[in-house]
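Below, subunit A partners subunit B and then partners subunit C, in two separate complexes.
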Partner chain A sequence: MAAVLGVSAQYHDAAAALVVDGRVVAAVQEERLTRRKGDPSLPREAMRACLRLGGIEAGALDRVVFYENPYAKLERVVNGALRAFPTAIGLFPRAVGSQLGGKIWVLDALAETLDVPRARVVPSEHHLTHAASAFYASPYPRAAVLTVDGAGEELSTAIWRGDEGGLALVEGIALPDSLGLLYAALTAWLGFEVNDGEYKVMGLAAFGQPRFRDELARVVRLDGDGGFSLDEKYFAHEHDAELGFSGELERLLGPRRAAGRAWDLDGSAEDRRYADVAASLQAALEEALVGLARRARARTGLDALCLAGGVALNCVAVSRVAREAGFERLFVQPAAGDAGGALGAALVGARDLGDPRPAPQTTTALGEPVDEAEAAELAAALGLRAAPSDDPDREIAARLARGEVVGVVRGRFEFGPRALGQRSLLALPRDAATRERLNRVVKRREPFRPFAPAVAAEATERLFEGGPPDDLTPFMTSVRPVRPEARARLAAVTHVDGTARLQTVGEGGALAGILAAVEREAGLPVVLNTSLNGAGEPIVGGALDALGFLLSHAVDAVVVESLVVTR
Partner chain B sequence: MSRLVRRLGSRLRTVGELLAHAARRQKLFLIPLLLVLLAGAVLLLLSGGLSYVAPFVYTLF
Partner chain C sequence: MTARARAARALNRVVWRWPGRDARKLHAFARAEEGSRVDLLLAARRTSSAARRALYLRHALDEARHALMFSRRAAELRLASGRPALGPPRADGEALFDRLGEVRFLAFVHRGEARGRAQFEAYRGHFAAAGDARTRALFEAIVGDERRHEEYTRALLVELAGGERAARRALRWAAAWEAWRAWRRAGRFVAERLFVITMMALYVVLAPVGLAMRFSSRRR
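Showing the complex of A and B:
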């Protein structure tokens, strides 16, 4: 029985996770505590928070596991630079310098920060930790596991077999072939920020027609057997760190879109063309992912599939895999990006030390709890109106029924990019105008971005196609078509293609009480559920963040546990 | 003093693990190159050059 701390850091979305005696005790993204979105730095605050939540001192840790191998990473960077010589000469000193001058010493930095013996700090492997975060958290005793992201040490894609004996690599695809980098390069071409704008591309794709499929087929070639390769001439990863795509891509698809320019999908033929490219990219990604999943099924012969890696956050592609790849069950690690690597690293370490698998993951509420008393004190100090409610679920439902937008802050904050009821911004899902208000006024983001519904599990089939809740729907990792007859009542959460990224809420779920009260007030057990953060901000963590959000955004109330706070 | 010794031991362990990795991968020929680069990295650190961040530096390097 052991206490293992997993850590991810240095690239984007640093995190820590604590597993004690095979049980996931805590998992925290550094950004939630430092308030710097996607904070990649060594997660000092997150590590401390995990230890605090676990009630143990760092000295009691049996092992600290870093989510990737810095030596293998260095080897790949040096090999890549030599391979791309002389075009990479401009980037080479900085790329290798950032490795040798900082990243290579990360295990030392962890030992010194935690004040633990260096011998207890060990590296793992990037795609292994992704695979572990999905498989060991899944409800399946045996499963094929597919990990797909931008770049690990060498691999960008891997197929694993998970069973009682652990995880075994079946096969992998190495850089420079990478679906994550393909999507990132086109994200940059569309004028969005890499590592942040990929969701926007996915949302934008629904507004376009995939009429550039032939062009995309030249950029990413599918071999018909589940493999894929990129044509390197369209990319510039190895010699241009700013863009990731080359002039060849602009000759193929046209000039890049200027970053930051407002979108006008109704009035601008040019913007509609960009949406068509996004749709073509999305189609290419989906076909590649379905091919990989089918290959994973053929190579493992197993009926269940687990997914992780940043590409697994593409819920539209995941849904297509669920429909077409032939698996009976599918699970996506809710923190599928690099933050989840910390969880996987802790689970790999725990298994190595002989601990059992954890119970299947049922919640992402693995962060720090909110302090209602602190919220009351802050509200008084800030001159906000605050009153405890005897029945906060009913109070929230009544406000939503009046057309208000309400922030809900309850329990421990979520691990991963989705707010699932602990740090959520809620509204009624009925009116399309609500989506406009939230996008333009509250979240200040592109008008084409969709919002997701949270629905009581028992009402799922009445409102959405695709059958009853499954292993994906509790975590908002897939999309379902909204039943045509329900779309008018779910206008704010139905995307332009008629789908919604739904979250099903079972008995005892964080939003169950609110959904029951909303059904009594408004007739449907559904709310619009979006994350409690504004543009460029991490999701709210503690009471101070929650009240800060209320003060700086056009929402009507924030409810911290049972405390209703208004201006 | 003991803290300094511990830190030094920690760094030596990392260098040892790096060499072991290179040996395991049969890439010992990279060691002289890495030593030269390590010296360059120190210069970069001293000149503040590592503050440079770009999207694909984040992703790849």
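Showing the complex of A and C:
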């Protein structure tokens, strides 16, 4: 029996996770506490929060596991830059500086920060920790595991076999062939920020036609057997870490879109062309991912698949894998990106020390709880109106029925990019105008971005195609077609392609009470559920962030546990 | 008028007329405001008083708004000149509340607000004279907030330090600490340049190794 802290940091979205005696006690992204979106720095605040939530001192930790091997990464970075001679001359000092100036010392920094013996701090491997975060958290005793990411130490993609004996690498695809880097490069070409704009590309793709498939087939070649390779001439990862694409790509697809220019998909033929490229990229990614999943099935002979790595956050591609790859069951680690590596690292460490697998993951509410008393005190100091409600679910439902947009802050905040009812912004899903209001006024983001519905599990098949809830739907990691007859009543959450990234809420789920009350008020147990944050902001963590959100965004109320706060 | 404000006024023509410089400078202001937001939110989390937590939170929200205003104007200027926007203003906090304690943190923030206000007043005047109403209005809006921040931090500083004399002492300490920080930053700037040159030289020296690696990987 052991206490293991897993840590991911120094690339993007740093996090910490604590596993005690095989049980996941806490998992926290640093950004939620430092309020810097995707904060990559050593997660001092998140580590402290995990220890606080676990009620243990750092000295009681049996092991601290870093999610990747910094020495292997240094070797890869230096070798890559040297191989690219002379084009990487501009990037080499920055890459080496960042490695030698901090990254290479991360294990020592962890030991010093936590004040634990250096021998207790060990590195793991990037793709192993992703695989562990998915497999050990899944409900499957045996499964194929597919990890697809931008970059690890050497691998970008890996197929694993998970069973009672643990995880065994079946095969991997090494850098520079990487679906994550492909998507990142095209994200930059479309004028979005890498590591932040990938969701935007996925949303944009639904507005386009994949008429650039032939061009994309030159950029990423699928070998028909699940393998793929990138044509390096279209990329510039070794000498331009920010853009990642070369002039050749612009010659193939046309000039990049200027970052920061407003989108006009109705009036601009040029923007519609960019949407077509996004659609072609999405199609290429889906085909590659389906091919990899089929290969994983063929190589392992197993009926269940677990997915992790940043690419697994592409819920449209995941849904296609679910439909076409031949697996009976599919689970995606809800924190599939690098933050989830912290959870995987902790689980790898716990297994190494002989602890059992944790119970299957049923919630992402692994962060710090909100303090209602603090919210009440702060609301008074800010001059906000705040009153406790005897029946907050009914109060929220009544407000939503009046057309209000309400922030909900309850319990422990979520781990991963999705708000699943603990830090959510809710509205009724029936009017398309609600989507416009939320995108333009509240979240101040691109008008094409879709919103997701949270639906009571028992109503799922009535409103959405694709059968009953599965292992994906509680975590909003897949999309389903909205039944045609339901689309008018779900206009705000039905994307242009007729799908929705739904979240099903079972009995006892964070939103179950609200959905029941909404059904009584408005007839359908469905709400629009989006994360409680504005553009470029991390999702709300505690009471301070919640009231700050209310003060700075055009929402009608924020409900902190049972406290209803308005301006 | 502070030395920085005098310098800002004197250098206005050069600073703002340099092609492309205007957007980069506004974006740098956005980053500074963003860094200040992060530090103020940390202060709001750490302080023991709900009243001060509320003040720091409101201040942080102002800084977030300023960062957005600066970065949007910078993006407008960039796009108008046919260049892509510079992206969202990312900045680290300095954990100043943890490092300095609340009294010295307030002294530091107060000095920064006073300096920023004076500097922005100079820029506001420059853009008014240059007939750029949009950028003038931007500085006008922010100068008002900076003045308010300057006043409340001064009042809090006197209260927490325990009187006017103690507050002045904290301000003198903050001035000295800022000078020391500027010296260290200058040192880091020079060291970074030296490192870049050294690494570039090393890269060239290692070129044969790289070429051999590339050759051998092609053969494989």
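Convention: the second predicted complex is superposed on the first by the 567 of 567 C-alpha atoms of A that agree within 3 Å, B and C clash if a C-alpha of one lies under 4 Å from a C-alpha of the other, contacts with A are read in each partner's own complex, and residues count from 1 in each chain.
The rule is short, and it goes like this: a contact is a pair of C-beta atoms (placed from the backbone, for glycine too) under 8 Å apart; a residue touches a chain by one contact, two chains touch by 3 or more.
Remember, predicted model here, so these are calculated numbers, not experimental data.
Visitor: Using the superposition on chain A described above, determine whether A:Glu112 touches subunit B (first), subunit C (second), both, or neither.
Guide: first
Visitor: With both complexes superposed on chain A, which partner does A:Glu75 reach: first (subunit B), second (subunit C), both or neither?
Guide: Touch status of A:Glu75: first partner only.
Visitor: Contact-wise, after the overlay, does A:Arg36 reach subunit B, subunit C, both or neither (first, second, both, neither)?
Guide: second
Visitor: For A:Ile104, select first, second, both or neither according to whether it touches subunit B, subunit C, the two together, or no partner.
Guide: A:Ile104: touches subunit B, not subunit C.
Visitor: Please indicate which partner A:Val96 is in contact with in the superposed arrangement: first for subunit B, second for subunit C, both, or neither.
Guide: Both partners.
Visitor: Identify the partner contact of A:Pro450: answer first if only subunit B is touched, second if only subunit C is, both if each is, neither if none is.
Guide: A:Pro450 sits against neither subunit B nor subunit C.
Visitor: Which of the two partners, first being subunit B and second being subunit C, lies in contact with A:Pro417: first, second, both, or neither?
Guide: neither
Visitor: Should A:Pro469 be classified as contacting the first partner (subunit B), the second (subunit C), both, or neither?
Guide: neither
Visitor: May I ask you to decide whether A:Glu193 touches subunit B, subunit C, both, or neither, giving the answer as first, second, both or neither?
Guide: Both partners.
Visitor: Take the contacts of subunit A with subunit B and those with subunit C, and give the residues found in both.
Guide: 93-94, 96-97, 193
Visitor: Which stretch or stretches of subunit B touch subunit A in the complex?
Guide: Spelled out, the residues of subunit B in touch with subunit A are 6-7, 9-11, 13-14, 17-18, 21-22, 25, 27, 30, 33-34, 37-38, 40-42, 44-45, 49-50, 52, 54-61.
Visitor: Within their complex, state which residues of subunit A touch subunit C.
Guide: Going by the criterion above, the answer is residues 34-36, 41, 79, 81-86, 88-89, 92-94, 96-97, 191, 193, 256, 258-261, 377-378, 380-382, 536, 542, 544, 547-548, 551-552.
Visitor: Which part of subunit A faces subunit B closely enough to touch in the complex?
Guide: Interface residues on the subunit A side: 11-12, 40, 69, 71-72, 74-75, 77-78, 80, 91, 93-102, 104-105, 107-108, 111-112, 118-119, 150-151, 180-181, 184, 188, 193-195, 237-238, 240-244.
Visitor: Can you list the subunit C residues touching subunit A in their complex?
Guide: Within the complex, subunit C contacts subunit A at residues 37-38, 41-42, 44-45, 50-51, 53-54, 57-58, 60-61, 64-65, 75, 78-79, 83-88, 90, 92-93, 192, 195-196, 198-200, 202-204, 206-207, 209-211, 213-214, 217.
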